[in-house]
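Two complexes follow with chain A in common, the first pairing it with chain B and the second with chain C.
Moving on to the complex of A and B:
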């Protein structure tokens, strides 16, 4: 099974976020939104993440079935619940899942290779790659700090928020700066600091699936900008 | 003036940008409640400034903050904001870079909170769809998704002058966060040879 190209994933992420977050939800955008929400779903099924795909599917089923009711006259309390759940899910979930998929399935070397093919300078590519790889690491560190605090019996509830901030931020910052040093050492051994052209073993390229996905994304963006999205309106 | 970047610098940029962005992203979720829409900026700036302060101790070369601004702009763009947010990010980074390099000489602890505040200018890119030419169509699209009342609250909270207001709020938040970080991380700054 050929992997999707990192460039395709990046482009899809932009397209999905633009259309889902800032676009309209009626008229021609109904099929477009359905197509764009289906893309992460299909990609996830392709990776055999059946559980998350099912949850994702159910969430969007809920949104698409109920979203229309927000424009009608219904009592206030259910309306607010409906607005916030459908609004949040429909706007953020597809983009979040796409970002998650991208981070999970793209290795750093693939990403760097793809960016180098696009002739983006190293000073931008390396921080960018580090950044994307780093979000999960921060989450892990946060879990560890939470455990350590629990072990010492330091609870976060009912304290001065500034103290809480200090208790959480200081350990995170300290471990982060240690991780930065370790990463630097690791990348030295991979000769990242050597000038000149690097060779790659990461095998990337566009396949028929990539082309299909890009066409979908372009269609979505086209509709967004020219038929009546942000700028066209 | 121009020094070459080492890998360590590039990795530091990446890591602290990630942390900074995460801090702000968590708070931005609160901003989903319409009444806090504008004022979330001050908390965003406050939290985000803490990793920034540490990053300033490591940013000893011209351009590092500019790259950070560029990255922040790029993420904002990836999140579906209009493209000028990239330029805003770069400008915010460049201004901070100038102040931090020329006025603070990369080590003045007194000016560091000011730099944190200036860096928060990139947040403007996040709120961009609410102002200028984007405003009406953005609000119209919100109306379809969230209903009339939600939009009315946002509309009343964001008249055009609020664009300047949101900048000021963000910068103040960054400044306060910088002061707070200075207090809790004093030991760290002493080790990094930063002086008042």
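Moving on to the complex of A and C:
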């Protein structure tokens, strides 16, 4: 199975977010929204994330079945709940899942390769690549610091909140900056520099599926901008 | 060939003389395996940094003298230029990976010099076979153990086919099985004729491999031992405050429990992902009022065990009795104090002295706290840094501050996770003495460690987790 190209993922993410979040939901936008909703579902099933796929499917099923009732005359309380939940899910969930899919399935080197194919300069690419690595690192560090605070009896109760903030932020910043420092040194010894060419072993490229997905996204965006999809336009 | 002639290096903005090198003269032949040792802060790390160019390019300072490698003076060359010839493995397995997955990391350096992708893939397979990395390929860095990370670090260096490899305390976070694997890697390099330079304080695993052992003291070469003289120098090393070359064996210590009190673990079951158990203990007795070592291979759940015991982790099944009475998580949390393995996360205040005082019992007066804290600091050789910011200390000092604050807390049960990992002989002996003192006070200490020398020095019994 050929992997989806990181550039496709990025483009889909942008398209889905723009159309789903800021677009209209009637007329020709009904089929467009359905197609864009199905894209993350399809990609997730392809990765064999059956549990997430099912939950995602059920969430949208809920939206498509019940969204219509918000236009009818029903009591206030269920109406508010319905408006709120369907609105939230239909506007945000697809984009969110697409972002999750992109983060989970793209390795740093694929990402770097894709960015360089788009001729984005290294000074931009490298910090982004490091970010990928730092989210899990910060999570690990935060977990450890929380445990240590608990151990030492430094809690929220009875202390100046500013002190507590200091107790949390100082070790986190110190340890993240130390990791960044050591990481820079290690990367330098591995010949990483902002100038100079790199080669790539990551195999990225567009497959038929990529082309299909991009066509869907382009159609969605086209309708959005030129067939009056923007709300209020 | 590498030759140092009158090489000195002084770190910029360094108030003490720590880590500086004075007037080093040394010749290293191609294919030689050199072990550099010495107390913490003696300058052995600086040695490796000069070779890979991190000093003075990244760690700034003034450098003088000539450092020749294959007829060229390498001082002033950029790190990435030297990186084609010199491979580097670092101490901390957590902070030397740029990538999140192992395959990308292995290929990373080769990609950076724009090597042909076909060649890189060929070399990846070659290195995978040579260093036995098959089961580590295609994994996330964040799910590997310290030992596994260190093997990937060695692999990513090997892909470059470097002529010279420098390693900076590569074993300090590893258990004995991982150290054996590391030893195999180093042996492979030696057999391939690479020049290998290792800065280390744990020496036993390098005994059969080293061509020369160089002791560094205060930035100069204090002593040089050739391969032939390595057999009988343990006493001399000990006198210099260094770790022995002989692999320490645990003396047979009776696991019998003399004290009346004991902790009975009827059942303890902990898992990270609700599926596989990371730790499963049944019917285990822990002796009290003494120092007990907990040993076992990486991945047997030693650290997890300590975290469950002191109540930080919530175990799925948790039934522990203290002297016959139920001892639940909340009670344990109050009675126990855990010193974590990574010391950077557990120091919170603005001075070393405060660090000890903050955890002390609220019943003592401020003055008494200060005197008591100063006493403890003195016993750990930390009195002269009492007013410094904990984060400005060296790794070994931070470790001692963390241990000192556990003692200051006055709790009855102390748990320590690898307390000697960054300690030289002198500080290890200080800690042993301190634990002896705690035992006399009737306190209970559990240490997770794979430092057998330390176990022999101060532990009354040993529990092995399987």
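Criterion: the second predicted complex is superposed on the first by the 177 of 233 C-alpha atoms of A that agree within 3 Å, B and C clash if a C-alpha of one lies under 4 Å from a C-alpha of the other, contacts with A are read in each partner's own complex, and residues count from 1 in each chain.
Please note the rule applied: a contact is a pair of C-beta atoms (placed from the backbone, for glycine too) under 8 Å apart; a residue touches a chain by one contact, two chains touch by 3 or more.
Keep in mind it's a predicted model, so treat the numbers as computed, not measured.
Residue contacts after overlaying the shared chain place A:129 against chain B and chain C alike. In the superposition on chain A, A:214 contacts neither chain B nor chain C. When both complexes are overlaid on chain A, the residue A:41 reaches neither chain B nor chain C.
In the superposition on chain A, A:96 makes contact with neither chain B nor chain C.
After overlaying the two complexes on the shared chain, residue contacts for A:184 are found with chain B and with chain C alike.
Once the two complexes are laid over each other on the shared chain, residue contacts for A:201 go to chain C alone; chain B is not touched.
Applying the stated contact rule after C-alpha superposition, one finds that A:152 touches chain C and leaves chain B untouched.
Once the two complexes are overlaid on the shared chain, A:170 sits against chain B and chain C alike. Taking chain B and chain C in turn and counting the residues of chain A each one touches, the greater count comes from B. Of the two partner chains placed by superposition, only chain C is touched by A:108; chain B is not. Overlaid on A, the two complexes show chain B and chain C touching the same residues of chain A, namely 129-130, 132, 166, 170, 179, 183-184, 187-188, 192-193. Of all residues in chain A, those touching chain C in their complex are 107-109, 129-130, 132-133, 136-137, 140-141, 144-145, 147-154, 166-167, 170-171, 174-175, 178-179, 182-193, 196-202.
Against chain B, the residues of chain A that register as touching in their complex are 10, 13-14, 17-26, 67, 70-71, 79, 83-84, 86-88, 90-91, 95, 99, 122-124, 126-132, 134-135, 138, 162, 165-166, 169-170, 172-173, 176-177, 179-181, 183-184, 187-188, 192-193, 229-233.
Chain B meets chain A in the complex at residues 5-8, 10-19, 21-22, 32, 47, 50-51, 54, 58, 63, 67-68, 70-71, 74, 77-82, 129, 133-134, 136-138, 140-141, 144-147, 150, 180-181, 184-185, 188. Across the complex, chain A is touched by residues 52-54, 57-59, 78-80, 82-84, 86-88, 90, 92, 94-101, 103-104, 107-117, 120-121, 124, 142, 156, 307, 310, 312, 333, 337-338, 340, 342, 344-349, 358-359, 391, 405, 409 of chain C.
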